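There are two complexes below, and they share chain A, which is joined by chain B in the first and by chain C in the second.
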Partner chain A sequence: MISISKKAWTWLALALAVMCAAPWLFTENQYLLRVFTLIIFWIGMSGCWNLMSGYTGYIDFGPVVYFGIGSYVTAIGMTKFGGSFFFCAPLAGIIAGIVALPIGAVALRLRGAYFAIATFAFAESMKQICLEFDRAFGVSLFEGSHGITLPISSFENIFFYYCILIVTFAVMMIHFWIEHSKYGLGLKAIHEAEDSAEIAGVNTMAIKLRAYIMSAIFIGILGGIEAYWITYITPSDVFNVHKTVQMVIMTLLGGMGTFFGPVVGASFLTILSEVLGTEFVENYLIMVGAIIIIIILIMPKGIVGTIKEKKNIRFI
Partner chain B sequence: MEVMFQAIINGLLLGGVYAAYSAGFSLIFGVMGVVNLAHGELIMLGAYTTYWLFDLFHLDPYLTLPFSMAFLFLFGYLIQKFIINRVIEQPHIMSYILTFGIHLMVANIALKLWTHDFRTITTAYSGMNAAFLGVNIPYARLITFVLALLIIAFLWFFMNKTETGRAIRATAMDKEVARLMGVNIREIYAVTFGIGAAITGLAGSAIAPFVIIYPEMGLEYTIIAFCVVVLGGMGYMPGALWGGFILGLAQSFSATYLSAGISVAITFVILFFMLAVRPTGIVGKGLVGQ
Partner chain C sequence: MSAILECKEVSKNFGALAAVEAVSFHLEQGEILGMIGPNGAGKTTLFNNIIGVYKPSRGKILFQGKDITGLKPHRICRLGVVKTAQIVEPFRAMTVFENVLVGALHGGGMRMKEAAGKTDEVIDFVGLGGDKHKPSGAITVPGRRRLELARALATNAKVLLLDENMAGLNPNEIEEALILLRKIRDAGVSIIVVEHIMRAVMGISDRIVVLNFGAKLAEGPPREVMNNEQVIQAYLGERVSAMMSETL
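== the complex of A and B ==
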């Protein structure tokens, strides 16, 4: 383990303290609390994607599948088996992780576009299975396209803020660990030159599989929390390919394979879409498309990556 | 027995349709390594070209094919020349995300211009079937099937028998050496994307008489094109036919004997196992690697 400076710990503790205290500054304004929750939610989601794809360079186009699995595990656990939320949400993460093991073991043997398409195919097929399972087998488990309505929670919005904050903070701690450990070096070596890394004695398969499962677990928990927060889920909603795309674009915008990439990208894009979405309801998606194209053309390394390159600053 | 024949015929016709609009995707991937996520939008634009020419000038849908081909060639050529060529030397992820941005822009501009109305083209011969040994064959699908074969034959001829085609193949094999031999790589890329877009637009026009046309139709076509091309072998042009037929038959059989909804799931399961077991496609001639 590479030693971590005291300064870095101080900054982390400070960041956590600010995030914990933040909602108390605007308890009156539920809208602001919601935007704030969305920001940390997307930091967590794009952080999970960054964990796997940002560091290793394996482009996962189907992370949303674990979000959907997490949502459904929580929803089915709570409605059909009467489990409590505090049991079901962690269970969602565990089941997402268990599913990720065989899928990752197969898909991670593929590279480049093939890996991207395989993960994408898996996500789409899970969506179709959730949609059609009940009708095909005559059971009542996933409820098809009607979706599942979860019991309405007695908790305030602020409860979900803290739930999501815990997960997001854990994801960011893993980033921190990756930036400062031999394991992280292994991930980066896969990105730079996988074959050379393998020859140098890095067990690349184990390393990337571990990253894939870790990201699946946290995405699953986030899915469980969001399902209980929204209280209504449908397959086309929780497996929506736009969730994947948002994770990818936020990370890319911030900077792939950097600690601050997901934070900057998710904050920027969430605020931008809040502003554009309310100001320009009709042209919003055209603008998002244009912004994506412009970012790729002028800042292919993302905001953090570009700053790093220009100033040669090392974060943390 | 008749049900099975009908399922086979449906599957083959569907496969032909799939092959028609996937060949361009395969071409673009094979030459440039770009997974074109705006592929469905090219189909959408082709279909709308046909719709508007039919609606405003009462042209027969099949007479609009040259127009949509020319329009989409220009569209593809310009997009590659001025946008995608700028990131072509960078990691491929850039081009995925760039084409996704193009997908969002094109689909939503189309939504703004043409609203969310579902549009269909009704001609004198729509809904007409050829009955043959108790099996029904819709004319419109049959024509598209023949067109698909023609598109792939044309592509094969173009790639193997013309000077530009040779330059394209050389670029796909080794772009540095091709450059040394005096091939203008960027121009070749632009022409390749133009041709890919043109045949995709052609396919879009050809399916217009029997599908519902709306601005957001693109994404599902992109997804099917993905599956078809992986099944047949990425970058291997006749593979689009193989992939199309396998997928068409699998869907038609599962829709006949199981349920229509589960057929889509079966598609993806086939795709996933195909990638895991045989990523070079069913005939093993696809490109693998980065």
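== the complex of A and C ==
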């Protein structure tokens, strides 16, 4: 069961080919390209959350902190030190990962609600640091609440589509690896019964920490890419708790700890918001909320999770 | 024969409460050691000290002559000392096969192919072959007890600590469990059994250690321990023990 079938590889290659070709199908329509970019962006983001929280069951309520760190590393690197985007965005990921190491090592000792509170508090405090750092130390680095304007890129939207696609595909490959490896089995064991896992020889701390750092790295890179795409960042924007909530809801909707959960959840919610948002500009959010509630009531384990349980199929 | 596991003056305090007080004993290679004592005597706490869930307040634990005191549970498991829990906690969303595979991969440090082979072997050995691909949450209570055993065995355990592995089983199932334990011992694993079912412990153990109020009360062959005045007192109270000594 744990060996990887040829079929799975074929599907993965096919998915990548379709995603690469997709923008060329609507080169004329910049709006559609943007929606497509948003979808894969959110697949990447909720995928990162799923890596950590979906598989281990540790509900991280502050993943946005690494998005903010990634954005700021890229923005500061490009504006203050004149670094190139191709250097700064990967650096954003590395720095997010380095920050995640001590934070994870401490926070992952907590369980349940306490872990959620600790991560949430860390995200909020990083936002305050970005807001007040310059004033406190008399420097001009984070630019406080003014935010930072990045150099406007000469790249088209399609460039950012491919940048985000690379990251999202990497995140999905990690999912694929988790579904088929010793490491992934350890993650799932932690989800089910952490103490039993530990006495069965699973190095629970190391495994949790690796998942936490991996998710931080990719969220950081996505933050860097988005900052350059949007060209303007402020602390209240990039550390916004709404990003966290969106990652959580998309994963829950799709199915926590499943390969296709983030894909289905992020695609569904992004498309739903776009469709309803253009039809019912005034009150589409109420409808989106109602639909989310209905789905969660009918499918408590998410769309993919519930189908998987009912039909007892392995998707990949 | 040489001692594979040895506890030297192990104590564990929780605040002012001494849950385990200077307990020393050893387990010999290929031996089944029974551990009995009234509720709250410190049996489970002692187990948890041995496998590293707790760090002993004082004392030393030696495995094959090496000091393993205070190591993390997964390290001790990988060395070869494995516990099965009193309250069974299978990884519910996983199949029986995957449950045991966790032990083989992580505890046994095997590669995927080797681990899959070991898993198949162990599942057949404990007699769970028919349930292999069922979700572990869906099998019977005796099945779950066997699953715990299988997961521990898959790690290539040298010492098994069984914490009331027979609780909740009917007489027939206990009989089967005892046969299985002997098979495990014959395969070269040394075992410590904590159990409340006297008939089972007395029947299977080579030696018995009795704990009471966190301290070691008696140690010796089953027959000797059963007639020990202090042991009878601890289990049945003073008056009964007086009555028994009169009738004897």
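The working rule: the second predicted complex is superposed on the first by the 314 of 316 C-alpha atoms of A that agree within 3 Å, B and C clash if a C-alpha of one lies under 4 Å from a C-alpha of the other, contacts with A are read in each partner's own complex, and residues count from 1 in each chain.
The rule we apply is simple: contacts are C-beta pairs under 8 Å (C-beta built on N, C-alpha and C of every residue); 3 or more make two chains touch, one makes a residue touch a chain.
It should be emphasised that the depicted structure is a prediction, and the values quoted were computed from it without experimental measurement.
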Partner chain(s) touched by A:Tyr114 [first = chain B, second = chain C, both, neither]: first
Partner chain in contact with A:Ala189 - chain B first, chain C second, else both or neither: second
Touched partner set for A:Gln128, first chain B, second chain C, both or neither: first
Which partner reaches more residues of chain A (counting touched residues only), chain B or chain C: B
Contacts of A:Leu276 with chain B and chain C, given as first, second, both or neither: neither
Chain B versus chain C as contact partner of A:Met299, first or second or both or neither: neither
A:Val106 touches, of chain B and chain C: first, second, both or neither? first
Which of chain B and chain C A:Thr204 touches, first, second, both or neither: second
For the chain A and chain B complex, residues of the former touching the latter: 57, 59, 61, 106-107, 109-114, 116-118, 120-122, 124-125, 128-129, 131-132, 135-136, 241, 245, 248-249, 252, 256, 282-283, 285-286, 288-293, 296-297, 300
Touching residues (chain side chain B, partner chain A) in the complex: 29, 33, 35, 83, 86-87, 90-94, 96-98, 100-109, 112, 219, 223, 226-227, 230, 234, 258-259, 261-262, 264-265, 267-269, 271-272, 275-276, 279, 288-290
Touch list for chain A against partner chain C, complex: 1-3, 181-182, 185-186, 188-189, 191-193, 195-204
Touching residues on chain C, where the partner in the complex is chain A: 51, 53, 72-74, 77-78, 82-83, 85, 89-94, 97-98, 101-103, 105-109, 112, 115-116, 151-152, 155
